[in-house]
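Below: a set of structures, written as structure tokens.
In the two complexes that follow, chain A is the common piece, with chain B as its partner first and chain C second.
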Partner chain A sequence: MFFKKQQSLAPDRIKKETTDDKELIPVSKDEFISIMKQRLQDGADFKTKELANGFTLVFLDTLTDKKMLNKDILARLGGISATPDEALKSITVSSTSKQKYIEDGVDAILKGAVLVHSAGYPVIISAVVATQENRSLTKPETESQVMGPQIAFNESLATNISLLRRFLTNANLCNESFTVGKQTNSAVALLYLKDIADEEMVDRMRERIQGIEIDSVMDSSNLSQLIEDNSMGIFPQMLLTERPDRACSWLLNGKLVVLVDGSVQVIGAPQSFMEFFESMEDQNVRWQIATFLRLLRMFSMVVSVFFTPIYVAALTFHYEIIPQTLLVPLGESRSRVPFPPIIEALLLETMIELLREAAARLPTKVGQTMGIVGGIVVGTAAVDAGFTSNILIIIINVSALSSFTSPNYMMGNVIRILRFPLIILAGFWGFYGLMFGFCFLLIHLIRQSSLGSPFLAPFYPPRFADWRDSIIRLPIGWTNYRPAQTRPLDRKKYRARKTKQ
Partner chain B sequence: MKVLIEPKPQNMINTILLMFVIHSMQVGVGIQGFQRIIYMEAKQDAWISVILSGIAAALVGFIMVKTLHSYKNSDLYGIQYDVFGKWLGNLLNILFVCYFLAAFHMVARNYIEVIQAWIFPEVPSWLFFFSLLSLVYYGLNGGLRTIVGVSFFSVVLALWLILLMAFPFQFANWDYLLPVFEASIPEILMGAKQMTFTVVGFEIIYVLYPFLKEKDQVHKYMQFGLGFTTILYLAIMVISIAYFSGDQLERTIWGTLSLFKIVRFPFIERFEYVAISFWMLLILPNLMLYLWAATRGLSRIFNKKEQKVSWKLLVFLFLTLLYPLNRIQINMLDDYFAKGALFLIFGYPFLLFIAVVMKKKFFSKKGGSANVPKNK
Partner chain C sequence: MSPKINKLFLVLLVVLLSGCADSRTLERMGLITTRGYDLTEDKQILVTMVLLQIDPEAKEQTIALSATADTSKGARSKADLKSPKKLQSGQLRVALFSEEVVRAGLINLTDTLSRDPAISDLIYLGVVEGSVHELLTQKTEGISDTSQFIYKELEQNIKGEKIPSSTMQEVMHDFYAPGVDPVMPTLKGGNGEITITGMALIKEDKMVGKINTQEAFYLKLINDRFEAGSIELSIDKSEFDIPDSEETPEKLTVVIDTITSYGDIDLINKNNLQFELKVKLKTRLLEINQAYDLKSPAKLEKLETKLCEKITSDLEALIEKARQTGADPFGFGEIYRKSVRGSNLTSAKWHKMYPESKVNVKVDLEILRTGVVE
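So, the complex of A and B:
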């Protein structure tokens, strides 16, 4: 019984199942205070305030807003008779409720409520006067773009939902709330548009969130690993975004969006492989440019993953395929290198990865210095020392550059590590090994699913109508159908003709 | 054994994909070097043999689908069981399982032979077989949708290879095609017969049929797939005859691969290295679907779970592949296999069709119908 099933269930179900185990609120004031004190481990911030007319206020100092506490609760409770009903009438806080059990009281107090106990009654009033310690809304950083709204989610669940509601003023936007994490009790919200999102998918998502048995969920990226289809896979099967406009466009396409309290990124599902190469900006620029950018990103992924392995394979086994004019400079630059191509490539790739990781951990100012140092050390000194060839440096740099073009940070990471096994395969078996790796990746991708829908859609299974807005983007008037991948209840977004007027 | 099959909805595939499955099954190792054997029979009229073999395949494909249509949702194994009874039916089922396994064996062996002849003469073959079979196992574990997905991508991602035929096209000498109809009809027919090994593969419809969603479109997409293959073979045959001289073609074992030799870009030449490696993607659907068909057969005959059968078959196939054979022996094996395939794929379907029709009549006299056979 290390993990109780009840911990992860929805709050309403908890009430139903565990009512019998709960402890009733004691009538006596002193007993109530001592029980609460004991429940909260006699914390230093645990405060009680006894009023002359028989009310007792219990709260956590660190979680409550002093101003509200004084103005809306303490000032109001002064002159009235000490009954819960009177207190409920007088308190001018919007979210108040009556509690019968100690456990509910403890939950409320942990969320920033003040508990008002009236001597002689087994009922307490809880009024939420929590402080809102929030970062203000900032620009998106990992998904920054030139055009489009410049606002990102922040760490507060309520703020994030309000952002979404503001973008999407629609009564059909459903918001379901869950509690995940045995220790952290993190709030998780599931959002979707009724009449568009597929009910079966919503059920599946709900089941997955409720079925999690874990002690803590610190971030949405954390949660997405728990609820995705295949956690052994290389590719993430659910997308994360920090842009409210992107999350809204997902919702409008019939996707489900999951928000976690305390995390700046929201999860979107189901998702297809192609969406790794789509950016919100594609909708904001003209369609020819968007199509070009998407093709470019796709191409750069292929280059980034396969360029170095092809070099290794060709130079290790298949000299014949390199034309003579190219072979001369290649041989010249490799003449001083003492290593076989595979060692050479792995060495340089590792160096690039080191640089990248170091730059990511350092403050921005030092990071720039890192770039210069790294560039000089890797670029010039390594060649001068005869460690690597010039051409390999170009190749590695191009593939490193290409891996940054993915609009999705997680995909960039995947591309980053995919290179290593492929280089090793190419170094061992040449093109055969490379093709082995390619076929493995292909089968792997075909096998994946996102919330039960195929990962490689709209390519496989082929849904040609959806190609209009996947690898290419056609004019907005033509992309008037929602992708079949989300199995939307309402396929049609708008009538094609009407958009033109 | 149940005659009728009710596949789970998540295993069903769109009928349009049948086109890709059929094409990818036909294109495999045969295409790498079919020109020589046809040319030796029919000389410069070899392309007529290719057309004839295409017509024959279309006819047989039509009969196969017709046979399957007469049942509601059954495959070859169920139909043979229903028509020929328990013993003879299962014997024929086992024969077909053996055929599928043999086809798997031939495809894998021929491909690895090409790899060893062209790229890596010294790498031990067990390494190649092991890597190939592990890929097959990984794909097979993903279920039918994954397998069909691989065959879909193997067709789509290999389309660019066809464009490379433009390179030998420049050097074609069209006089080599003349005079037309010099070969006698028996010679042309012999050439068509030699196409067997290259053309077979579409028999997978016998096993795949119950998993197709739209049954009324099966005929259409079956013929599309077969037609596309025939056009491709015809194009390659014509280019080969025009590009190679007669003597040269008779000495070229892998004609198609030799065509890639002159492909040349500013940054890459000797393209056959890339093409041969890329061929793995064209081989995989063959291997996967043949093994899947054999697995389905055994699991239906003996009522075992597919997952339990497939890896045992893979181990068995791996062991058979380890037995070393030289070029001549492989050629002999190819010939034997082609002879068997000629009977099983181009002869037997007609017999089966007649048997099914007879049974239908026989049953309708008694008041029943083969359309709705009882589940046994």
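So, the complex of A and C:
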């Protein structure tokens, strides 16, 4: 109900500025040039070229490919009569169109088109001869893995879509295009597989993208914050990837993929909490290993978030639970520390965060010294100086290490940050505080949704069949159903028996 | 203010006004690992507390504090006056009582231990022959930490199935359950050693007798299932055709190792209070002190029969001994209560009936393997 009302609003909003207040192309050559010049703020790269037979070419020098301009346009337009139809016939560029309005002409010129004006006609021809200023395709950096395809998306939307189309040679792959950002006019594409992806989810995503009113979208990570269900929450609800194979596996599971021009990462939705602890490599190794790795990552997340708070709680309030053999070394090392455990832990955690942040900001060559600074100064000297206990150093190191195991950078950041409020809770109220924090987090997670579907999906609501490929991964023959979370139109991937031969 | 801000304000108020919980930071606590109770001449309690010394420079690993008071908690607050750290019992592992204390009744002391939520229910209780204070304060070469030594010693022997387990939980259960009496290990110090000498038999909450470690093994045989314990048995060798000579020992002694054991008590006649105790043992022969042909099945069978007779008579003697004292550590009363409908058995009632009871012991011993012997 709520949903339909929104949908009817959406198309009006984009069609608002269409035909009414647009300016027609002037017939006169000089008037056309002066209007275009004025529209483009008399840019230094604004160039015009007047041909002897009455054509006038207008383009932005910086956006056009000189070779194509000479070969496919200039060379063809000589010696023919100066009418738009003749020009359209002669120009040997694949994407050409007729434009009636100045605004459309400006849009086209900003995308690298050459506008061909024929004196005496109120119609211009635009031919796209944009330069392809692209990085070549490289290996994935943030999601590198040993097995599987070694290719990552780059900044070009067209290249990214072509990569996806190459992985998924399927006519059902739908590609919808949007323009987001009042100032940047960034191209955004929504991809999904028809007959698998849920129509309602597609509608919802389309409506969210269209509903955005913002001046710029620089990256897909920006966009994902705008179209998420809960922008206030700490957990990301949509996942980014730079791997085309991962994006394809999402599409095949009935998820939607959103690409932003100029961004190397694509957005996938809906996602579940478990998806943040999965790596594409899990599909490429044998199931026993993949299961072990997934369980390890879950375990390390728990360790990373709760290990230090447990230390603080145990030392401040619950000395009863410490094993007796550990009491003496723990007590001796603590007896030299002048701070209560909460201050000690916060201090060391902050130091680790400082190191991490400093290492991330420094250039790679200088960054290597950070390890030495961290290892020697913070590690050894802090204990010698009686700043912290050496058991805490171990604990902090283990939890820092565990937070790196998360295959997803965004989730890794969340884990890093979550530790701090929990340490404070543990330092103030012991295990009661810790349990309060844990319950708060759990309730928060249960309340989250990703594109309207439950975020804690196979666990809550319980869908035991989907556990086969979430916290564990069973052999491929057993995981022949798409997850219920995406509500796919076609649940079955393949017949299980065929794969067991 | 919007309702959201109101809610936030409320939460903030709750957090700020409640403040932090009362903290007990580890290094500021005096951690009591062992407590000992003695009776002074004027009927007060002398409590000895062994603290874990958390100081890298200190020579001794532990400090023993003692105080005399009417109650155990009173003694602790008196001892607080002698300690730089607040005394806490959360790391208590062993509570020791002198024989005098246990003979006078120990329930008040164990009760306060079990009430304290900080104290684990799995601490070991023990009876010390002589003064606990002396035992805990004695300096023995080779034992750096007497309290840890006692704890490890008790733990090792209980896990190794030498003596029945006597954690506080079990003692308190046996005390409150009608028809069964608790037992506690007895310890003795001196000569640079701390020895487990046997078990104290307790009737209600008062110590009434003692059994030695061999008998403690039999007690465990009746009550529990064995998996690891081993025992040395000596039998008269006259019935075996072993050549008699000067050099060989007078008795035939074998060490058997229980693989599994199973004890079962049935009430066979409720009017005469007649019980039947069946013990099944599957064992392995570890050692024999004389030349004996173990390869012959007939001889092995004879050995089995003799061992059976030996164990039967030992068990009968143990039960008789316990009955003389009036303590029922075997739990015959529980079997009675279980078997007789509407018996409304109380502890006092059972202790009146118990001396009249009779027990038929049946032992079934099987030597499964002798291969360990040469």
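Here is the rule we go by: the second predicted complex is superposed on the first by the 483 of 501 C-alpha atoms of A that agree within 3 Å, B and C clash if a C-alpha of one lies under 4 Å from a C-alpha of the other, contacts with A are read in each partner's own complex, and residues count from 1 in each chain.
What we mean here is this: contacts are C-beta pairs under 8 Å (C-beta built on N, C-alpha and C of every residue); 3 or more make two chains touch, one makes a residue touch a chain.
Predicted, not measured: the structure shown is a model, and the values here were computed from it.
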Going by the contact rule set out at the top, does A:F404 touch chain B (first), chain C (second), both, or neither?
neither
Is A:W478 touching anything from chain B or chain C once the two structures are fitted on A? First, second, both or neither.
neither
Which of the two partners, first being chain B and second being chain C, lies in contact with A:Y494: first, second, both, or neither?
neither
A:R334 contacts which: chain B (first), chain C (second), both, neither?
second
Which holds for A:F299: it touches chain B only (first), chain C only (second), both, or neither?
neither
Counting only touches as set out at the top, which of chain B and chain C does A:Y432 meet: first, second, both, neither?
both
Chain B versus chain C as contact partner of A:L315, first or second or both or neither
second
Which residues of chain A are in contact with chain B in one complex and with chain C in the other?
317-318, 320, 322, 429-430, 432
Chain C touches which residues of chain A in the complex?
314-320, 322, 324, 327-328, 330-332, 334-335, 340-341, 427-430, 432-433
Spell out the residues on chain C that touch chain A in their complex, using ranges where they run on.
20-21, 23-27, 29, 31, 33, 52, 54-56, 61, 88, 90-91, 93, 118, 120, 148
Touching chain A in the complex: which residues of chain B?
13-14, 16-17, 115, 119-120, 123, 128, 131, 135, 138-139, 142, 145-146, 149-150, 152-153, 156, 264, 266-271, 273-274, 276-278, 280-281, 284
Footprint of chain B on chain A - complex, ascending
317-318, 320-323, 325-326, 429-432, 434-436, 438-440, 442-444, 446-447, 454, 456, 459-462
